Amino acid sequence: MTFDINLIYSLGPTLLRATGVTLMVWLGATLVAIVLGFFVAFGRRYGPRALDAALRVYVEVIRGTPFLIQLFLLYYGGPFIGLVLDPVPAGLIGLAIYGGAYFSEIFRAGFESVPTGHIEAGVCLGLDQGQIVRRILIPEMTTLVMPPIVNMMIVLLKETAVLSVVTVPELTFQISAIGSEKYAFVEAMFLLACFYWGLVELCGTLGRAAEARFSRLRLTR
Amino acid sequence: MTAQLFLLLVQACGWTVFISVISIVLGLLLGTVVSAAMLSSSRSLALAGRIFVSFFRGSPLLVQLLLIYNLLPMLGLNVPSMVAAIVGLSLCTAAYQAENLRGGFASVPAGLLEAADMLGLSPFQQFWRIRAPIALRMTLPALANESIMILKASSLVSVVGVVELTRMAQDLSASTFIPLPLFAAAAFIYLVINGIVALGFKKAENSFRWGIKA
Amino acid sequence: MSKRIFLKSMATAVVALAAVSAFAQSGQDALERVKKAGVLKVGTETAFAPFDFIDKGEHVGFNVDMYHEIAKEMGVKLEWVLLPWEGVFPGLESGKFDIVAGPATVTKERMLRYRFTPPIADSTVALLKRKGDSSVMKASDVGGKAVGVGKASAQLTQIKAYSETLATKVDVREYPGNNEAYADLAAGRIAAVCNSLTNIAFVAQQRPDTFEVVLPPFGVKAYSAFVGRKDADYAKLMDAVQATMLKIKGDGRMAAMQKKWFGQAFDTPDMVNTPNL
Amino acid sequence: MNPASTAPAPAISVRGLSKRFGQTEVLHGIDLDIEAGRVTCLIGPSGSGKSTFLRCMAFLEEATTGTILVNGEPLGFAQDESGQRVRLSPQRIREVRSQVGMCFQQFNLWPHMTALGNVSEALKTVRKLSRAEAEERAMAQLKKVGLEARADFYPSQLSGGQQQRVAIARALALEPKIMLFDEPTSSLDPELTGEVLNVMRSLAADGMTMVVVSHEIGFAASVANRIAFLDHGRLLLNGTPEDVFGKPRHARLDQFLDTYLDRGAAMLV
């Protein structure tokens, strides 16, 4: 087996840029997905029954099919219904729609954990709906939903690899190129493992730190 | 999109289900062992457990599969495609399931085990009669999620030469050049399989309610 | 997990990989092994029509016929190992199979790492467009338009070089694979796909209502060939395959197969020693 | 057996028991004999170490120093010839501990087993009885606590008082010689404490040796034969209810009764 370490050095700047793209798409999509997931969960719990049914279909279809296929249909099938997206927006939107379904399930569990009595207490004190969400719902469920949110963020980080299929110039797209250009597939494999493991460990460490911080806040309040 | 193409997809999904089911079961057993290691008082055992979980959760499954398929033969252990696929998927899901179970085991109240201890149940009996059933029941929703994840992730085992549902859709679209209907059909088949799995787990959850209302 | 442990385990992985590769260097001679087992194992991807593809559930194509002849001549049985393209070369390196079908366009860069067999087809590039698109009638019409091409492929080099010769440059879009590029051509994001004529002729033939080939081809002459290892213990095997293929070419069997799968026979050289790319 | 002897051999004999968690010593050199066939109540303020003391007698906590003899046999640790404190084998610990049953504040019923399952589990797995025999004996115990009609209910379907009675039945099924109760009514609604206390009363009437950590001073005063008062990890008082509660009272006890008890109970004593 041949293993050319110099190849890796020569790729430095490209890999740096690709890491940037991966992180940007991942963070952007995660942010949108969390907001989307929150509103989906909120709509399902407190909205009308028909909305719950419609959102349920969204959640189940997204969770029941592979992300690769969803993204392929969105990007290459979209234009046939008039939805033409550039690669990076398509990747961002696809990842956000995918993550939103999972985040909504996390928030659903979070909402269920808040006793109705606490919300009723807020109503009695004359808080409006927005205040109840901001001042009661969100703070109370934070500790419970933080660990699964961090977990899901890690899953999404690894799913960004799929974006290569719609030509987003992220890590997998760039690294696998050294495979097809120089036929250095083994080096590519090794690099992929290193980069994703490193990023995931980083994300996990930051996530745990954030969890610890949030739970401290809760205790001191 | 002809009936013949759809039939080929359905045949290929047989492998998807076969490999996923075996991997989930093996992963559950191995995951139990790994989570026990992580909870153990031996520091080196706990560290080994943590590294296992870190690696198999942190690196892409694609790379893990390629390593198993291509590195083991160099060490003189030639693994056939099917074995590599099952081993790779099992190790990966074991890491995720170990984390789930760790949470489940930790959340079994210590008092339940003290009660068992007072009644003279051996540590082994305490684990299998009290701790494991409760932890498993508590993590059943997570196991359902993980099973669906694995059914979807099994599309990657094509990289070691097993033609499952996604790969068949890709192969067929590379000769018919009608990817959209083929991928939509594959998505539909995944949805049906995962719907059945989700229903099965709901049933299991309901039959192990132990009187606790939903 | 702390950073130190992470670095440590990474270092261990590197050492292990190095040790494994050293171990893999020392092997039995490949030809002897193939003869002894009576089996030639060939790795390939089945998403590369008309070379290797799935038709009615069966693996067929030019490569299947060609390797059938090669194995017959060498007096061994044939065994296919079917993998996605990203799994093919790791498989070759780890000895999962003896040679790769593919084929791949012969380039200088690739010759540094692998040994090519005698070429099996002309891989001169041409353009594929949407059926009835009157804005692309000849290759030079793509100046200023978006053209899709496989990432890091030999065709990418070709279209880039060609773009330089045009008054308005081509907007080259890179795709992870040809099939994604075809899908995007159908979706309308790009005006054409640049690929070997052999491949796109087949695409147009399969979906005549959707696609159409833009003739004539352009760019420099290039050829595609099967790929094997350069290691010393593979030299005899590659020599044997090379001799066998030249025999099949010499007696006209290869031309017949080319006619069957590509619709025409190619005039290919016996070996490509100094590729244009 | 021996009518001449006024003081029967103690069921549990504690000597010089200390317990520390890290740097903090929570029990300081406690000596106490638990008389057989009698009810001993451990009382004291929160944090006085009474629960820890009880858990030491169950060997759920390991004492840092000191010895505990259960019917004359050392529990957990013994002195060897040279006076060194040595840990006994798990087998031996289990044997000695099998004479002791325990009830917890949180009941600790296993949620995945019915009431009958909870009571019969140890009969099957520890005593190795056949399923039929185990369930028959378990049923008899449930009958004793008045819950035979609830045999097939899961803990989540029972009230707190019923759960605690199942827990008592579970402990009694193994026929222990001594029963330890760790605040058995503390997590119950007031109207449910009665049914549990009644079961404990009838158990006392049957002559069971009992050690009860409780805030139910009324129960302590009326049922207990002995009261032990712990404060800051020390055994301050140890005697009959009349001795302990009667006037003049120890100043700390007076303070405790004032601070920790509802007036109604304090009136009783």
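In this document, chain identifiers A, B, C and D correspond to the written order of the chains, with residue numbering beginning at 1 in each.
Please note the rule applied: a contact is a pair of C-beta atoms (placed from the backbone, for glycine too) under 8 Å apart; a residue touches a chain by one contact, two chains touch by 3 or more.
Not measured: the values here are computed from a predicted model.
Among the remaining chains, those touching chain A as well as chain C are B. Chain centres were defined as the mean of their Cα atoms; on that basis the chain farthest from chain D turns out to be C. Looking at B-C and B-D side by side, the one with more C-beta contacts is B-C. Computed centre separation for the pair chain A/chain D is 53 angstrom, with centres defined by C-alpha atoms. For this pair, chain B with chain C, the centres built from the Cα atoms lie 35 Å apart. Here the CA centre of chain B is 46 Å from the CA centre of chain D.
Chain C and chain D have Cα centroids lying 80 Å from one another. Residue positions 1, 6, 17, 20-21, 24, 86, 90, 93-94, 183 of chain C are each in touch with at least two other chains. Not a single residue position of chain D touches two or more of the other chains.
Taken residue by residue, chain A touches two or more other chains at 1, 72, 76-77, 80, 189, 193, 197, 201, 204, whereas all remaining positions touch fewer. Listed by label, the pairs of touching chains are A-B, A-C, B-C, B-D.
Residues 4, 8, 11, 47, 50-51, 54-55, 62, 66, 69-71, 73-75, 81, 158-161, 163, 167-168, 170-180 of chain B are the ones touching chain C in the complex.
By the touch rule above, chain C contacts chain B in their complex via residues 1, 5-6, 9, 17, 20-21, 23-24, 46-49, 53-57, 81-84, 86-87, 90-91, 93-96, 179, 182-183, 203, 206-207, 210-211.
Residue ranges of chain D in contact with chain B, taken from their complex: 58, 60, 94, 97-98, 100-102, 104, 106, 108-112, 121-122, 125-126, 153-157, 167, 170-171, 174. Across the complex, chain A is touched by residues 54-55, 57-60, 62-63, 66-67, 74, 148, 152-153, 155, 166, 169, 179-180, 183-184, 186-187, 190-191, 194-195, 198 of chain B.
On chain A, the positions that touch chain B within their shared complex are 1, 60-61, 63-70, 72-73, 76-77, 80, 154, 158, 161, 172, 189, 192-193, 196-197, 200-201, 204.
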